[in-house]
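Have a look at the structure below before the remarks.
Labels run A, B, C and D following the written order; every chain starts at residue 1.
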Amino acid sequence: MTNTTGKIFSITSFGSSHGKAIGAVIDGCPANLELDEKDIQKELNRRKPGNSEITTSRSESDEIQLISGIFNGKTDGTPIAGIVFNKDQISKDYESLKNTPRPGHGDYTWRSKYGNYDYHGGGRGSGRITIGHVIGGAIAKKLLNEYNIKIISHVKQIGKIKAKTVNMNLIEEFASKNPVRCADPTAAKAMEELILEYKEKGDSIGGIVETIALNVQTGLGEPVFGKLDGDLAKALMGIGSVKGVEIGFGFDVATSTASEINDEFYIKNKENINKTANKETKYEDKKTKKNTDFSQYDIGTTTNTSGGILGGISNGMPIITRIAVKPTPSISTLQNTVDLERGEETKIEIKGRHDPCICPRITAVSESAVAIVLADHMLQSGFIHPTDLNKTH
Amino acid sequence: MTNTTGKIFSITSFGSSHGKAIGAVIDGCPANLELDEKDIQKELNRRKPGNSEITTSRSESDEIQLISGIFNGKTDGTPIAGIVFNKDQISKDYESLKNTPRPGHGDYTWRSKYGNYDYHGGGRGSGRITIGHVIGGAIAKKLLNEYNIKIISHVKQIGKIKAKTVNMNLIEEFASKNPVRCADPTAAKAMEELILEYKEKGDSIGGIVETIALNVQTGLGEPVFGKLDGDLAKALMGIGSVKGVEIGFGFDVATSTASEINDEFYIKNKENINKTANKETKYEDKKTKKNTDFSQYDIGTTTNTSGGILGGISNGMPIITRIAVKPTPSISTLQNTVDLERGEETKIEIKGRHDPCICPRITAVSESAVAIVLADHMLQSGFIHPTDLNKTH
Amino acid sequence: MTNTTGKIFSITSFGSSHGKAIGAVIDGCPANLELDEKDIQKELNRRKPGNSEITTSRSESDEIQLISGIFNGKTDGTPIAGIVFNKDQISKDYESLKNTPRPGHGDYTWRSKYGNYDYHGGGRGSGRITIGHVIGGAIAKKLLNEYNIKIISHVKQIGKIKAKTVNMNLIEEFASKNPVRCADPTAAKAMEELILEYKEKGDSIGGIVETIALNVQTGLGEPVFGKLDGDLAKALMGIGSVKGVEIGFGFDVATSTASEINDEFYIKNKENINKTANKETKYEDKKTKKNTDFSQYDIGTTTNTSGGILGGISNGMPIITRIAVKPTPSISTLQNTVDLERGEETKIEIKGRHDPCICPRITAVSESAVAIVLADHMLQSGFIHPTDLNKTH
Amino acid sequence: MTNTTGKIFSITSFGSSHGKAIGAVIDGCPANLELDEKDIQKELNRRKPGNSEITTSRSESDEIQLISGIFNGKTDGTPIAGIVFNKDQISKDYESLKNTPRPGHGDYTWRSKYGNYDYHGGGRGSGRITIGHVIGGAIAKKLLNEYNIKIISHVKQIGKIKAKTVNMNLIEEFASKNPVRCADPTAAKAMEELILEYKEKGDSIGGIVETIALNVQTGLGEPVFGKLDGDLAKALMGIGSVKGVEIGFGFDVATSTASEINDEFYIKNKENINKTANKETKYEDKKTKKNTDFSQYDIGTTTNTSGGILGGISNGMPIITRIAVKPTPSISTLQNTVDLERGEETKIEIKGRHDPCICPRITAVSESAVAIVLADHMLQSGFIHPTDLNKTH
């Protein structure tokens, strides 16, 4: 089941870049969630190519069709199958690559492993297959939204240009205003120029994307092999082009001391403690915020170097992840490779249409990856019950 | 099954820091692997505390007992249960922490999630539970060794002190010569001094640990949700104290261009190609090295920024991972926290015995994590067959 | 992942009786298996309604479309998505049943569980969803056929009419000659008449379907919780309308003694033993027949009350399963039920088009269920390697 | 993970008949369940040999030790490891069987599959490994008891002697009064005599065991591949010696018409409907009985041929399962077999101590199997939340 992920809220992905279609089957979504194609189209539009000058010129409408799992405008507890038919394939661009794997791409490993490899557009190794992730992520986000959880993603760095820190509540709005999806307008401008510069050179550049989950309650994560940070790392590292994953302070912990980075605890709503500490937790409260008792919920940390996860379990602070995204390997420069049929070294020049920097489009994918993991953990932890939304029948 | 990991080669872990025992049940190991307690003890000894001045002074012999799965000195295909009984618990050190979670530790989140939390020595949140990982890892390493795969781990950085690059074939030997487990002797000395400095201050320091797998053939990894890098990231991020994971060039890809970092292909043994390209691959060859046909196997990349993984699948180059390890959060400084029973803010001073830097001991754990993932993927990919070792019956 | 089954060879099913489509995503099928839509259509045609007077008159062409996973006429190791669009829904027949669950159907339990239930044609509780099973089963059968394994299914009993025992090699041919799919022509005729009799009465009748797997080698099945008989029982009991599953002698063991039913061992090819006992088993042999060494393979049992499975593991004899199939619960008689909206008892008369006996059509489904389990176990046991069919690349 | 079962409430089993120990690790049990060794010992005592003249004379105290997962007398959400050390092994009885598999036993298939097979006492193929099932089952029963679910098991038939139907509320008490564990005292007496008769002959006899779950609410079961009946069938068929599984009417459906066996619906508490139909379902109610709304809960069926499961989902009626148990294959008669080392046919006479009928002891195992499945499904369905028992912290 290597194309299925998730324990309760699960995604089964299928399809390839130049095949008939790409899609996903989402299982385990509680019944009675209002859902239609627009909810998913909205997210696919953020991922799809052709939104600006800095993306590939392949033009796909990426129109979603839901063919199961919805009844009377709401999920009915059965698997939700969503399909996007491919339209703008230009497969002839890839014929010359049939036997010559592109450096930095999966062509060589996919072909070695499976023998029969659809080399057109990278086949199932293409970034295009993240359409399946986004279909799943859109549904996960809709579900999490019922529990007040919000997931946002933005570009933190392109090459050496770093974005300034922006208030978490403003990131989504600010990042939506520029094609780079960077929340710092000044950096965004510089990043855009840098990307266009590499586009002209036929080269590409890497970057860092940060994804944040807000309003996640304390208690998500199942030690020791189902930890929240472990599952996030897997989901994020599994996105094509990602070579590093950080939680919270990330690699900066290597040069830190505990006295510098330990997050100290404090009580957030001191005035309320006495009144409610012994109050019975009601079911309704559980759905939104509270874990076991009130006193625990209102504990925060003065800093958040842990990125919202301690001991593999969420601590109620924002969950902060970052990924290192490599430069798109499809470049026009002549590169050394091997002709696998003839068994001899050769050179290739890659045609086709490619992104000079994939970071802006990957924001939608990393949001989806985080959303899918959180939706699954909300169900695993019992914070979402499968029947929560069954108000009427 | 959150304390079980692995799809075919799997580990079920149990136990806690101050409970009766810690152990693991390993399932899916092929029958007829020679195995006894010494194979595991050897690895546990590398992880256990008290090996040098720079580790905690808790003294545990960590003696392994195998109570199932071995018949006539060899695995018999049934689950292998290994147990280590705890001996040197000093639980009274922890009584004062009963209601006051330690900053940077899982105390708060574990207690919030489960209500009933064994706070002695961190309970099951303790680093001590990685004994289970190492039991599994020792068996995985023994199995991988039959297929010529070798896994090595060493400390790359402590605080700002970075080790110089050392030839891969020498890392294991060099790293074994100092208590820091750093393969660069000069850096090792400086790291040791730095750690002792923080020990005296009652503080601790972070670092970076690198783990490398050699002689891994092309074709391990199951796209799109069982990718090799995804599974490695999960296993490594799931180790306590890890806040970041990198593969190959890692976060450096963010500031790189494709023209700089694309790994170009070349043919390693040109002289052999013509003779063997059409030769039928024999079963015996498969076990050691070759994937589908000879010409493919002998392809290498001139650089290895990908860290041996392309498109989620191994490409035959060394697999390179790095983890960012945070400073042990148990420090003697007075820290702010909350009394969960009384619902009020307070301060704690942490007693107990702790490591001023956990990196040296974590090398054995990260090796285990990588070994478990690789053993499982060797079985998933069909490169190890369950009956490979059934020579006689 | 409750709509996904299988550990390595897995099926994810989706769709409902009167929704847009029904389909399945098959993951884990080795690359390079020749496969096209005709392979699947052939099996779907055996399951589809309208083949004879004794089935429902709902007329569906059940035309399969494969939208991923095939490249150059062969599987490419990526998920195979197959879809059948629904065409002949007559949903108005079901409006009167909206609030009144049909006795013997899943209407009541599905609606209770999910709240939002597509009651048209039984929604996802309909027998029609076994189209997904058959898509998966057709691929599994094609794969197993490469390893010489054959699966056949036939009707053993309808009401009190029992079929005589027929030579296993003739069952498939004989059963294909009559609409009842019974291998005993005399019984088949009587069964057909009995079914038509109940059809006229607006009633229905149950029966027993036997499914047999031939040429399965010794060694399939993973004790203790992945036993072959356990997995077969789950797959078969999970087919709608099945209320009992037997392996081999089944319930007759209750009245037997061990001296009567123990299957004694003998050597099948005595003449060959001496010559080959010490011969190295070659890989090519493994694919077809042999397990560890020749002497073991050629052992048989003089009787087969065990139905080919001992200790949860196949023993090389034919695997024999039987299922008890209940009479289709949709009958025209007035029945007592409850109006769930009004909270009062009422009566219903069921319209719609239904099978007076589902046994004949269920043969294709039970074959699929057995094929899926065996394909998965062949991969789990390492008897099928993922790269077996990668002859060329 | 073939020695692990369960999706949320899971059991990992290990050990063998004549090895050092047998045990199980139970994961996913909610925290704060009161549990000690006596809870498990009580159930093991019902399974253990030597309770009466009609069981094997192997004498094992089967003393359980819990070595993890309990803190302050309650589960703490971490894995519960339970171990029983073997004591009364008489391994020499088995030396003569080293190369000659016993008919009806797993010796031949286990040895073929794994090569290295512990033939003493049947190794891990022994019925003794169900100690692991019972450890898991005892914990599952304790957990289910918090939700008012009760599981009972009794012997329905031995050879041709059938027990009369006994009121469900009396079965447990009546069955506990005789060594056969049959709730019909007259039949029990006859069964006991029959078993002793076969014991004297050195032969053995089969039977049927029924297991019933009471007070299971509507809504357990996850279609289409996680159906409640599918999971029960797998768990029950996976018990050694079981060759058939029935739910409700079982094989009798084959000779029935729908008009005879459809279970009609009615309202159980008519007087309450109007008052409560629109009342908001409270969380507290959910834990004990109610599903979505009151009107649905109070629906029953006038008959229960479905055995409490419709469309793979529980319908609130008692869940009824039956298993066909084969006669213990170890008999003293001379039997034909094969010497696997010498590659020639031979005969064996089985020594060792064996049960002339395993049905009485299997009752404890089938109860455990059903309990484990139900506990897991209660968690999967969200009817048990992981934090339900976290009243205090």
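Worth a mention:
Definition applied: a residue touches a chain if its C-beta (ideal position, glycine included) is under 8 Å from a C-beta of that chain, and two chains touch if they have at least 3 such contacts.
As the structure is a computational prediction, the values presented were derived from the model and not from experiment.
In summary, the chains found to touch both chain C and chain D are A, B.
Looking at A-D and B-D, the interface holding more C-beta pairs in contact is that of B-D. Averaging C-alpha coordinates per chain and comparing to chain A, the farthest chain turns out to be D. Each chain gets a centre from the mean of its Cα atoms; for chain B and chain D, those two points are 38 Å apart. Averaged C-alpha coordinates put the centre of chain A at 43 Å from the centre of chain D.
Counting partner chains per residue, chain B shows two or more touched chains at residues 1-4, 7-8, 13, 78, 111-113, 115, 124, 219, 223, 291-292, 296, 340, 380-381, 387, 390, 393.
Residues 1-5, 11, 13, 101, 103-113, 115, 124-125, 129, 132, 157-160, 198, 203-208, 218-219, 221-227, 229-238, 240, 242-259, 261-267, 270, 273-274, 277, 291-292, 295-296, 299, 301-302, 306-307, 309-315, 324-331, 333, 335-338, 340, 343-345, 380-381 of chain B are the ones touching chain A in the complex. Across the complex, chain C meets chain A through its residues 1-4, 6-8, 10, 12-16, 19-23, 25, 27-28, 31-32, 67-69, 71-72, 74-81, 83, 111-118, 123-124, 340, 387, 389-393.
Against chain C, in their complex, chain B makes its touches with residues 7-8, 78, 219, 223, 282-283, 286, 291-293, 296, 380-382, 385-387, 390, 393.
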